[in-house]
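Okay, so subunit A shows up in both of these, paired with subunit B first and subunit C after.
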Partner chain A sequence: MSSPAGVIHDIGYQRYEGERLGRGDVFLALYTQSLRSVFGLGRNFKAKIFPWLVVSVVAIVGIVIMAIRAQTGEVVISYSMLPQVLGTLMVLFVAIAAPELVSRDLHSGVLPLYFSRPLRPADYALAKLAALVSAIVMVWGGGQVLVFIGAAFSVKGFTNVMNELGDAGLGVIYTALYAIVYGSIAVLVASLLKRRAVAAAAVVGTFLITAPIVGVFYILPSETAHQLAQLFNPASLVGGVGDWLFEPTSSSEELGIGPFGPLYAAVTLGLIALCVTLLIARYRKVSQS
Partner chain B sequence: MTLGHTLSPVTLIATESLTKTYGGRVTALSDLTVSVEPGIIGLVGANGAGKSTLIKILLGLLPPTSGKVQVLGLDPTVDPMGVRAKVGYMPENDCLPPDLSAAELVTHLGRISGLPKTTARERASEALRHVGLYEERYRQVGGYSTGMKQRVKLAQALVHDPDLLLLDEPTNGLDPAGRDAMLALVQRIGTEFGISVVVCSHLLGEVERICDHLIAIDGGKLLRSDNVSAMTTSTDVLVVEVSEGDQELEHRLLEMRLPVSRDGHALLVPLEDDLTYDRILTAVADLDLPLHRLDQRRHRVAELFADREAAHV
Partner chain C sequence: MSTVAWITTRGLLGRRRFLLLLPLPILMIGVALIPRFEGVSPQQWAQPVLVAMGFITLLPIVSLIVGTGVLGAEIDDGTITHILSKPLARWKIVVPKLLVAIGVTAASAAVPFYIVGVLASGPRLGVGLIVGSTVGAVLYSTIFVALSLISRRPVLLGLVYVIIWEGLLSNLVSGTRVLSVQQYALTIADKASASDLLSGNVSFPVAVVMSIVVTVGFLALAIRKLSSFSVTGETS
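Let's look at the complex of A and B:
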């Protein structure tokens, strides 16, 4: 006797005896899913509009620089200048992406489902941060790669191409520094707010509100005050580190950070450490509530 | 760290003088000592009795202020990750992102529990099927009814094949039919699936039907912890509810010499033998009343806690 076609047999509940992955794989699963969500992958069309708009703007800028370089040989914007020139866009990008990554989970109340699983609150926070940092590096670093491709075809000789590659590599590392600073500030601010729109405004606000402080220091009649002014805004802070790293000493003093390059680097690292520590503490607290 | 000599190797959950105070003033749990064996366990108490605090301690999310605790032979204060790998948790509140499909969400959470990618997808489909979600699982959760959302919450707790499920008010927000379906599902998980279940509820009448063991707490203190069979006597009662004319029916049943008592709109009749059913049905039919409910309720458990519950609701 054969059973009629199309009948679904309930084979009952199956216990799972297979392998269970460890901490690293779980971190990677959350990181990958988060990175995809930054670009709206696996989400509806609306979620894709903004990230891909940013990607195209950076790509266009990269292509224009590449074309000018190829045509005239002129370096309009250096590798290290690119993240600075497109810095405002980066603020907007993190202001949309960070709430998408963390505020959404706070709002929907899904976090108890995460923290009742073998996932440490710190791992959750770091996976989200790592996803945002990677996304920035992929977009802005991608722009730098475009510039490099143009340059590699316009310079003559292997040595020159290698020099160019070295500059481009340093440029991408500098982009990563931007990404870590902007990302950790944005994720920290967004992790405190449930509503995505409010969180986005708060992230932009954090970057904007510190800008006038820089202005105030510039008005002070002291050269040291001028040289320290850029410490007080995330954008100018990382800009200061860039000046120290990439500009010749004479011109970096002209640009206004004076002899304080190492201080800028130290403050940047301190800021990152502070944001990450607060972020982890925030999620330790959330996991208990 | 192991608990004292009272533990048998099959102990599911054990606590010893478990106490949790917040800021030294608010006492959520006070000197709670219980020990239960695998099965379906009802954890009952009014809102604020300490049920959710106990669950958080069992999951290792909150450290107890003092006392000892053990879940599946592990100490959640020492090895919270080990406990969480073996436990599934269904929270009381809304916890589902509206713009994901049930299949995506449960798959993702399966991966967070350590399942490999393809296994997570397979087990997510299985878990959703077991809770009664089929084609709907590809639709966004935001469009689901409350009953479907509760099922998704249950499926995500099941996806990684836990040894113990902690369900916090699984029937919250459901209509009577939805409640019955959810409780039947929980009972099936506890019996057919072989997974132990702790069901939290503020409604004793609801969980007593499906539980092997009941723990009642109030104000963070243990009222009673015992096997349901030890609490109930052989005399069960039938609950009769009619949409109208309950007084007529009460009168008629008394005429038929059935010792009727009242519980709100419901009439309670001791179940002596199978004929009792027929006699009640005959009475309802004679009076031509719309019968709303006729089912069996265990008698004494409700009475055991009724006074204390009433005082706090």
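Let's look at the complex of A and C:
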């Protein structure tokens, strides 16, 4: 230790005598605050318009599916199809929410304040990611729960309700997979860019530009190329995992994934691990500069 | 080159931010190389690469980043007041900024479009695509520059417009094609290249007239909005 260069004078502020909360509590506080800000809670009206518009679109779709099912008994969109059907909306949602969560802090340079607390860089990154993932699960999973409520009242017999509950539960877990893949990509891209506007465009660009690659692979002559095509886009990648999990019969179809189901699952897990690792590495670097 | 244009160019390309414009064109060329060397006929792969990747994604996204960057960035952090307080007519601020946006967008779109066009059929298609993508760059840039003056959150509106209107509706609903920048650019590229690989969905005169109407309309709107621009505090 070198000799002190200055003195901190006691100018008479009241001391804090209470208990100092630790890392876990900081994490929880940051998570809660982030989750609230995704929906614009605690912020002005303008910040609420977009997230609640998305919530209402998902809710309306859920209610329409519910109504059709109650009236005609026909399952228009199954639980596991719902996140896929509303996938474009999910891209828009993460593109707006992720920069809101991470780019603002980078832009206004408040990160040193966070890291002067017991919070570690990885904690910050994971709290933000967890908030976005939970928000997606709440909105899209909420839509699935709406459909389930309608179905539970229209099917007869306790076992049927239990079957329905099982399907809905799997559907929500599948939504969570979507949420983790979309969320980790979006937060990673957004954490690299300070300006919210640019970050939002970059997130959408990432999702949109990879879609035609799938189309290009479909026109290659080889059968294997068709079955591997869906690996190249986040949306179709998770869709492929869904095909493997929920519709093993469709594997013989033209757009199927063939025998590569486990590969799709492995690539999905690898993608998530890669994004999270890069995200944590990014904040390690930010915290040192 | 006016000082406004010079400052804008430096603001756009001066820092590392311009690296953001590189991945999309590189990816487009890379994807075109795969079927090219697999020996698939261009009839099959030109459509997904040129239309889905080029006209639906690359052109609007690059225009959005650049177009909202030339004015929107300054409005965002409040430094727009420095330019507004100079004795300059407002149109002399909007027009150079718009020209810079168009130039940067057109340049970063023209290169991949030309290379992919040459790979698919030959220089004629490449030149046609440059014409088409430049028309697209003019239209999109004008719209997004105007948008960044109309709204405080231009990127949100721009993304909704690009994804929902240009991406989904103009491909599914035939009625909205008459009001779609992507279809104008495609039709003009088709006409300029005289290639059977592209097919425009609107007639050529409609595309030309609507392009002029949209450009002039949004330019006038942008100038009018900046003329009556009021500096407000940070909102959200």
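In this text, the second predicted complex is superposed on the first by the 270 of 289 C-alpha atoms of A that agree within 3 Å, B and C clash if a C-alpha of one lies under 4 Å from a C-alpha of the other, contacts with A are read in each partner's own complex, and residues count from 1 in each chain.
As a convention for this text, contacts are C-beta pairs under 8 Å (C-beta built on N, C-alpha and C of every residue); 3 or more make two chains touch, one makes a residue touch a chain.
Every value quoted in this text rests on a predicted model; they were computed, and no experiment measured them.
Within the superposed three-chain model, A:Ala211 lies in touch with subunit C and out of touch with subunit B [touch as defined at top].
When the two complexes are overlaid on their common chain A, residue A:Gly157 makes contact with neither subunit B nor subunit C.
Touch criterion met: A:Asp25 reaches subunit B, while subunit C stays clear of it.
In the superposition on chain A, A:Asn44 makes contact with both subunit B and subunit C.
Legend: residue contacts after superposition of the two complexes on their common chain; A:Gln288 is shown touching subunit B, with no touch to subunit C. In the overlay built on the shared chain, the residue A:Gln33 is in contact with subunit B alone; subunit C does not reach it. Using the contact criterion defined above for the overlaid structures, shared-chain residue A:Pro112 touches subunit B, although it does not reach subunit C.
Using the contact criterion defined above for the overlaid structures, shared-chain residue A:Val198 touches subunit C, although it does not reach subunit B.
In the superposed pair of complexes, A:Thr88 makes contact with subunit C only, with no contact to subunit B. According to the touch criterion, the shared surface of subunit A, contacted by subunit B in one complex and subunit C in the other, consists of residues 43-44. Those residues of subunit B that touch subunit A in the complex are listed here as 56, 59, 61-62, 81-82, 84-85, 87-89, 91, 93-99, 104, 108-109, 111-117, 119, 123, 126, 130, 156, 160-161, 166, 189, 192-194. The touching residues of subunit A, counted against subunit C in their complex, run 43-44, 46-47, 50, 88, 91-92, 95-96, 193, 195-198, 200-202, 204-205, 208-209, 211-213, 215-217, 219-221. Here subunit C touches subunit A in the complex through residues 17, 20, 23-24, 27-28, 31, 34-35, 38, 40, 44-45, 48-49, 52-53, 56-58, 61, 64-65, 68-69, 72-73, 76, 152-156, 158-160, 162-164, 167-168, 235-236, going by the rule given at the top. Listed in rising order, the residues of subunit A touching subunit B in the complex are 12-16, 18-22, 25-26, 29-30, 33, 42-44, 104-105, 108-120, 287-288.
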